[in-house]
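Both complexes shown next keep chain A, but they swap its partner, so chain B is in the first and chain C is in the second.
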Partner chain A sequence: MAEDAGGYIKHHLTNLTFGQKADGTWGIAENAEQAAAMGFWAIHVDSMFWSLVLGVLFCLVFWAAARKATSGVPRGLQNGVEMIVDFIEDTTSSIFQHTNSLIAPMALTIFVWVFFLNLMDLVPVDWIPGLAKWMGIEFMKVVPSTDPNITLGMAFSVFALIIFFGIKQKGVGGFIGELLFHPFEAPKGGNPIVRILLKVAFAPINLVLETVTLIAKPVSLGLRLFGNLYAGEMIFILIALMYTSAVFFVPGGVLHWAWAVFHVLVITLQAFIFAVLTVVYLAQAHDVSDEH
Partner chain B sequence: MEMQVLLFIAAGLMIGLGAVGAAIGVGLLGGKFMEGVARQPELLPVLRTQMFIILGLVDAVPIIGVGVGLMVIFAPPI
Partner chain C sequence: MSINFTILGQSIFFFVFVWFCWKFIWPFLIRAMRERQQTIADGLEAAAKAQRDLEHAEARAEEILNEARAEARGIVDDARGQAVQMIDNARTDAESERERILKAAQADVAQELNRAKETLRGEVADLAVLGAERILEASIDRDRHDALLDRVAADL
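Let's look at the complex of A and B:
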């Protein structure tokens, strides 16, 4: 049983990987070892497929709602979409005080998209992999946000935006200056030569601290989402294992329900946090500090 | 086999110690949130949003630990 359970869990955690095999040909990996041996130039087909499908689904749903929008009392789909848009607009405008027409649509996209990616977690763990197996596909990891490639990919896109807007708002000099002259600053006033010497003396330690702060943003952003969803998915798989035993069948069902209800909260919260932190980081990138 | 056991212990420490820190943090955060709301109930919506943001920040490190810990147990890199 133990071997079986381990195999079941491993099977559920293996991505459908496309890459170069050991013999030099390109194709789909047949087992986890082969997928691991593919190294850097491999792509997780299932994660990409589901992210793109869900992204398109998000666009279609919102497009359909916008097309049929009426100025009367909103109902059904339009009501839901308006609620989400209003919610994101309120949150964004309270955090982000600068003028940038990119931020709110991006926050909306991130929120809804990440929510959809996370929502796949609530589909019972065996349904889609079972269907895929029936169609002849060996591995199928359905929740894209349990794949660090997807979450870190999004996080590093945000990181690129942070640097882009940071340089755009402050100039290259201002951006580098922020890295060099914070958080330890030379005291105001006093002898100008001493000030310059102090600034030079503080620069290396400031650079180290600020670089860590800067790098920690995308890493924690991506790993937070990944960790939450990976842990959640793992619990779902462990609960699914309980169904194999006659004794634990009923408690398993109760646990499954309870964890799913709790997870509705978790996935919404994680999507919200991802979107809000993106806005917060970009607001920081727009903040031009008064000194220097 | 020795390595396997060490991996389990490492994962347990990762998850457990991470949870201790986060539990203290979230406890303080929740307590202060309650105090703030009791003092000024009209600030509830604002405080709740801010609390969730900070909750997410505090949550990050232990949950990364849980993720990495589970990965060490079920899909060890070595």
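Let's look at the complex of A and C:
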């Protein structure tokens, strides 16, 4: 039983990986070890597929609403979509004071897309993998946000935008200056030569600190989402294991329901946190700080 | 669970979806919402304006009504004054008419009296002469006594 359970969990946590196998041919990995051996030039087909499907779903739903958007009395879909758009717009405009038309739509995309990715967690853990197995697909991990590639992919895209807008706002010099002359600053006034010497002396330590701060943003952003959803998924898998025992079948059902209800909050909150932190980081990137 | 090409694939998806939302979703929804906001604001503004206009119109109507009332009162007062005037005039006219008629009547009476006196005077002379003739039977010289008799008649 224990080994079965271990196998069951491991099976659920293995991605459908396409890449170059040890023998040099390209194809789908037959087990987790083979997938791990494929290295960087491999792709998680299931994560990509669900991420794409859910992203396209977001685009289609919102595009359908946007295409028929009327300034008259909104109905049905437009109502719901406008509620989310209004919420995101309020949140964004309260955090992000600069002019950048990209930020709010990006926050909307992140919020809804990540919410959809997370929402897959509420589909009972065996439904889609079971269906996939019936269709001959061995591995099927349906919650893309439990794949660190997905969450870090988004987080580092945000990171790229942070650097892009940072340099765009402050110039290359200003951007590098921010890394070198913060948080330790030479005191104002005094001998200019001493000041320059202090600046030079502080620069390496500032660079280390600021680089850590900078890198911590995307890493924490991606890993927070991944960690929360991975843990949630793991608990769903463990609860699903209880269904195999006659004794724990009913308590398992109760737990499943309770955890799903709680998880509704978690997935919404995590999507919101991801979107808001993205906006916060980009607002920081736009802030041209005072003189150094 | 290893990091692989999926991370780049997801990045590509990310930028594509964000770009799509930026270009084809967000502006249209926001425009519709802004327009509706504007429409509602305009509607409220128009309602407030209509309310103000109504109040103005009511005040104006009240003003006109008051003016009309004052004018009517003025007309009534004028008419009343005019009536009093007319009655006064009529009374004055009537009085002067009465005076005139009275005077004419008096003049007529005086004239009648004079005429009667004249007649009487003429007849008195004759009667006196007749009386005196009867008394004296003859002997009286008519021409001599006429002057005397005329004086008597004039004294009447």
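Basically, the second predicted complex is superposed on the first by the 285 of 292 C-alpha atoms of A that agree within 3 Å, B and C clash if a C-alpha of one lies under 4 Å from a C-alpha of the other, contacts with A are read in each partner's own complex, and residues count from 1 in each chain.
Assume a contact is a pair of C-beta atoms (placed from the backbone, for glycine too) under 8 Å apart; a residue touches a chain by one contact, two chains touch by 3 or more.
Predicted, not measured: the structure shown is a model, and the values here were computed from it.
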{"item": "Fit-or-clash call for chain B and chain C when the two complexes are aligned on chain A", "value": "fit"}
{"item": "Chain C, chain A and chain B - angle at the middle CA centre, rounded to the nearest 10 degrees", "value": "100"}
{"item": "Touched partner set for A:Met234, first chain B, second chain C, both or neither", "value": "first"}
{"item": "Touched partner set for A:Leu13, first chain B, second chain C, both or neither", "value": "both"}
{"item": "First, second, both or neither for A:Arg224, with chain B first and chain C second", "value": "first"}
{"item": "Residue contacts on chain A - larger count, chain B or chain C", "value": "C"}
{"item": "Which superposed partner A:Glu178 touches (first chain B, second chain C, both, neither)", "value": "neither"}
{"item": "Which of chain B and chain C A:Gly153 touches, first, second, both or neither", "value": "second"}
{"item": "Which superposed partner A:Asp121 touches (first chain B, second chain C, both, neither)", "value": "neither"}
{"item": "Minimum C-alpha spacing, chains overlaid - chain B and chain C, in Å", "value": "8"}
{"item": "Touching both chain B and chain C, residues of chain A", "value": "13"}
{"item": "Residues on chain C engaged by chain A in the complex (per definition of touch)", "value": "1-11, 13-18, 20-22, 24-26, 28-36, 38-39"}
{"item": "Chain A to chain B touching residues, read off their complex", "value": "6, 9-10, 13, 32, 91, 94, 220, 223-224, 226-228, 230-231, 234, 269-270, 272-273, 276-277, 280"}
{"item": "Partner chain C, residues of chain A touching it in the complex", "value": "13, 15, 17, 19, 35-36, 38-44, 47-48, 51-52, 55, 58-59, 62-63, 65-67, 69-72, 74, 78, 81-82, 85-86, 89, 101-102, 104-106, 108-110, 113, 144, 147-150, 152-154, 156-157, 160"}
{"item": "Interfacial residue positions of chain B with respect to chain A in the complex", "value": "49, 52-53, 55-57, 59-61, 63-68, 70-71, 74-75"}
